[in-house]
Amino acid sequence: MKAAALALALATSTALGASTIGFADAQERGGTLNFARYDGSKLVDPIYADRNPDIWMVGSLFSTLLSPTEDGTDLVGSLAESFEVSSDGKTVSLVLRDGLKFSDGSPLTGDDVVFSLERARNPDLGPWSGLLSAVSSVSADGRNITISLERPDPALLSMLATFNTAIVSKKAFDAAPGANDQEKSAAIFAAGGPGVGSGPFYLSGFEQGSSMTFTANPHYWKEGKDGKPLPYLEKVHFEIIPDDATRVLKLTAGEVDIAEFIPFSRVAELDADPAVDMNLFPSTRIIYSPINTRETRADGTPNPLHDKRVRQALNYATNKEALIGLVLQGAGKPMSSPVMSSSTRLAADMNPLYGYDIEKAKALVAEAGLKAGTEVTLTTLAGSADDATIFAALQQMWAPLGINLVAEQVDNATRGAKNRSGEFDIHTYGWVDDVNDPSQVTGWLGYFPTAKAVGTGWNNADFNTLYEASSSEMDPEKRADQYRKMQDIYAEAAPLLFMYETPFAVAVSGKVDGYLQTPLGNNVFENVSLER
Amino acid sequence: MAGLQYTLNRILLMIPTFLLVMIIIFLLVRLLPGDPAIAIAGDKASDADIAAIRERLGLNAPLWTQFWLFLTNTLQGDLGRSILLRAPVTEVILARLPTTIFLTLYAVTLSILIAGPLAFVAALNRGKWQDNLIRAVFQVGLSMPVFYIGLLLLTFLAAQLRLFPVGGYGETFLDRAYHLFLPAVTVALYTSAILMRNLRSAIIEVLDAEYVQFARAKGLPPRLILGRHVLKNALVSTVTLLGLSIGQLMSGTLVTETVFAVPGVGRMMLEAIFARDYPLIQGLTLTFAVLVSLVFLMTDIFQSWLDPRMRLS
Amino acid sequence: MSDTTISRGNVRSQRRGRVQIAFRKPGFMVGFTIIAISTVLALFPGFFAPYDPNFIDYQAVRQPPSWQHPFGTDLLGRDSFSRVIWAYSVNMQMAVLATVFALVIGVFVGALVGYYRGIADMIFGRVVDAVITFPFLVLVIAIVAVLGPGLINMYIAITLVGWVYYARLMRAEVISQMANDYASAGIVMGYSDLRIIFRHLLPNAITPVIVYWMTDMALAILLGSSLGYLGLGAQPPQAEWGVLIAEGRNFITTAWWLSLMPGIAIVLTGLGFSLIGDGLADLLRPRG
């Protein structure tokens, strides 16, 4: 039985191989890609996108001036054909490509760039304006764009390759109905159709919470392998299926071509399916747990976790490999930098970061004088199977330290509120970078003024000073050195339980070629082609 | 005339009920723990962002003022803006309501098609093996949770045998009927079980009644007896029961939509709850209440029209 | 005095006779047996379950059924058979705790408004109308959303909604009992209101409420497991049938035993309660 199935699979793959060779140069074009999403977009606008399902789609509808290289370590021109930073670091000059057009064929000019960047840095509008706080003015002269800065900003070029600075059409916004920018943006999105963006697709259909359709932009500036404009696809149709099991069923039944966020427990099964290409795209997603480092708990009692030796002990006593085995079925790796994913630029490789060492952990708690039977609360997300597993595993792992771990289940909003008010001992959390620069995640996790070092209350003067200095350090080597030091300080203080990094698990039908999800999570459809 | 008077009275009675419904809905959502502003702002927002959102949503105003505003706005059809979907609540609900109504009516139709004939077979063969078998099967059906039936149908009939699509819903009427067949069957199984029981006893009651016994004795053909007496009685009983169990039907729809990924208001309700979308939860709860009371109203009017004696009580 | 004693005595002996008849009905017997076994499993799960239901065994994840693990093991290497057995104590507890408070409150309120009528009864009427205007599940999950997911909150939510149904039933029964002679006799003899309500009216009016309670327990298990499945009821890692089905739904084709066993458990206990309810309803229905 098995042998026969294998023989059949081999026969099919040889046949496929032959056909591919026969048309080696002919690029497949056209067709509709059906994509099962875990959650729907609400408003795909560069400056208002603030949830991942919105942010990750911006790049399909809008182009940015620059874009990251495929490995994410450098930047290349996108709408801009060249770019330059002045020696004092206070002026960025860019030159736009010739003949750029929006998806309705109208020209994309310097005015649109000025309009888009002014919009992006307006603090009264979207939530991301702070990322451009160093910018003092933007001007255009024909295809030449000049961005003036108040102070040097090493992350600025990365910001120009980030979704929030994507270029929108000034003309479309001027023409849209609505009293203010928010209303105009909503009206443009609701109406759909070409004209507002210059990305590989334009929005051609949208049903709230149910489906969304993108249609190829015939005026897209980038060329494919066959020398004709991208994208290869004619349409992408998204269907929103929040239930993991149903998403997988849709894929295996052949009703969709791609299903995202595959539960890790099913990766092995789909990997074995010859009709499915099971991808684990590297991501910047990290799963960690903030530890309350304040001297006292919210109820005024002394906090045993204030002692960094106890926090270090918790980290040593946590068998990350076992955790990864249980929660991710092995599809992940322990965090190797304390403040970012290993795929983020400037990440230090400190592997193993608190490798499992129960004896060291026991010695540390003994040294700290932790009483046996100390009760510690782990706040988890109600209804999350992963959190339930993490709790059960940590409870077993920490018992030898004399820690009695108890669970407190809350919903997402309550967990956020507790993080902000400091009413927790330890709670589960996760993060995905939005920006192709380590400053965002590092500021979030460690720089006290941003968010009390992810709510832990950890306030380290050396770290804060280094972070501030790095924010205007234009010398890449000096900046890397500052980041190295910050990571050392943070690892030693252990304000987090450092857990693991997880990839994006996406199952793709065998007839789909060229799909990519970037480490930031962006869904990239421009190179996708469908086998007929 | 009397019928109109009855209808008017019946509608007037709904006013105090609805005031209470509004109070319940309002209080429910106000008592939610956790700061809604934090839920709206998302994990990455600053403290200042959150304060601004609180101000914008009027969460700092006294409870009484908030209720008055809620009441007057609702009467004007304004249910606020959904936090999750960033659109007027009325708009998003109206966009997804037809799917749910379609599914509910579809399920009702299927229930009648399943329960009707079987109830007749069971009643006419009272105590025989046909009756026992039918009743036993429906008894088990009544004990099966909707989500479990749905899961089994979805996995085996749709995904394994590929007889039906896995979730979603179509464009044209026929396509939609095909897409929603399994969800409708899932909802209908439970309703048809209750319906079958009631219809069976209603039919038996008529068959046992003296006038029918008399007609039989007179030698009237059984088909005529069934047509004249039994059908009318069965109709009244069916309408009453379906009307009264509209709440259960809606509950079943809510679970089924979630299992089959049908984009209706039931699934939206769960999404709203998990996202703490206050205005949307309020709007949806109200929508369900309005739907149920409209069905109650129609049932009452229909009954009074079929059976004028009802108006007196 | 003699009047009332006789009538109560009659009720009691009538009941005893009916219970004996009940046991001769096959449906009732089957239901009774199922519930009796379920109750034993619920009370002593540790005696029947071979393993700790929450013990994680890294070495033995997702094993198929074997002599060692009759229903296999789950994603975390926990013994599925033991989890289904331990879930009996949660789900049977659900049948009782989700209904008994509603029953007590409902009987109390229903009896009082039925006896006194007047303004309280009018207000009660509006409350009933308002509550039954919401689909039961919608109101329950809205309240669970307010209180937060979890078993205790789920009991509170179901009680907050459910008492209305008991009270409505009780009120109607009390009103019809009031028409009987013995109630007016009590009033004539100058008994206190409370004595009339709780010693004379209640024992006679409660029968239909008890029948409804049996059906309601079946519904409570269905509702509780649905909420568990949706993530609003019992929370993992607690073993509860709805939660177990939710955990197993990703493996319904590859490891069907994970979701099938809890599914059968739900159907069986639900069937047990409704068969008992039906049996009682048949017996207690007034015959012409």
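So that you can tell them apart, the chains are marked A, B and C in the order they are listed, and the count of residues begins at 1 in each.
Criterion: a residue touches a chain if its C-beta (ideal position, glycine included) is under 8 Å from a C-beta of that chain, and two chains touch if they have at least 3 such contacts.
Molecules present, by chain and UniProt name: A = Dipeptide-binding protein; B = Glutathione transport system permease protein GsiC; C = Putative D,D-dipeptide transport system permease protein DdpC.
Values in this document were obtained by computation on a predicted structure and should not be read as measured data.
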(message) I need the chain pair with the most C-beta contacts, please.
(response) B-C
(request) Report back the single chain whose CA centre is most distant from the CA centre of subunit C. (result) A
(request) Please compute the C-alpha centroid of subunit A (Dipeptide-binding protein), do the same for subunit C, then give the distance between them in whole Å. (result) 47
(message) So the centre of each chain is just the mean of its C-alpha atoms; given that, what is the distance between subunit A (Dipeptide-binding protein) and subunit B in Å?
(response) 40
(message) As a quick test, compute the distance in whole Å between the mean CA positions of subunit B and subunit C.
(response) 23
(request) Going through subunit C residue by residue, note those that touch at least 2 other chains and give them in order. (result) 148, 231-232, 249, 252
(message) Among all residues of subunit A (Dipeptide-binding protein), which ones touch two or more of the remaining chains?
(response) 383, 410-411, 414
(message) At least two partner chains per residue is the criterion; list those residues in subunit B.
(response) 33, 155, 159, 258, 274, 276
(message) Taking the touch rule as given, give the residues of subunit B at its contact with subunit A (Dipeptide-binding protein) in the complex, in rising order.
(response) 33-36, 38-39, 42-47, 49-50, 84-87, 92, 95-96, 154-155, 158-159, 162, 165-168, 258-261, 263, 267-268, 271, 274, 276
(message) Can you tell me which positions in subunit A (Dipeptide-binding protein) touch subunit C when the two form their complex?
(response) 244-245, 248, 263, 265-266, 269, 322, 325-326, 329, 382-383, 385, 388-389, 391-393, 396, 409-411, 414
(message) With touch defined as at the start, can you tell me which subunit B residues reach subunit C in the complex?
(response) 13, 16-18, 20-21, 24, 28-29, 31-33, 139-140, 142-148, 151-152, 155, 159-160, 246-251, 254-255, 258, 269-270, 273-274, 276, 281, 284-285, 288-289, 292-293, 296
(message) Considering only the defined contacts, which subunit C positions touch subunit A (Dipeptide-binding protein) in the complex?
(response) 54, 56, 58, 61, 75-76, 148-150, 231-232, 235-237, 247, 249-252, 254
(message) With touch defined as at the start, can you tell me which subunit A (Dipeptide-binding protein) residues reach subunit B in the complex?
(response) 42-43, 50-51, 127, 186, 207-211, 239-243, 246, 249-250, 252-253, 255, 383, 410-414, 416-417, 420, 434, 444, 450-451
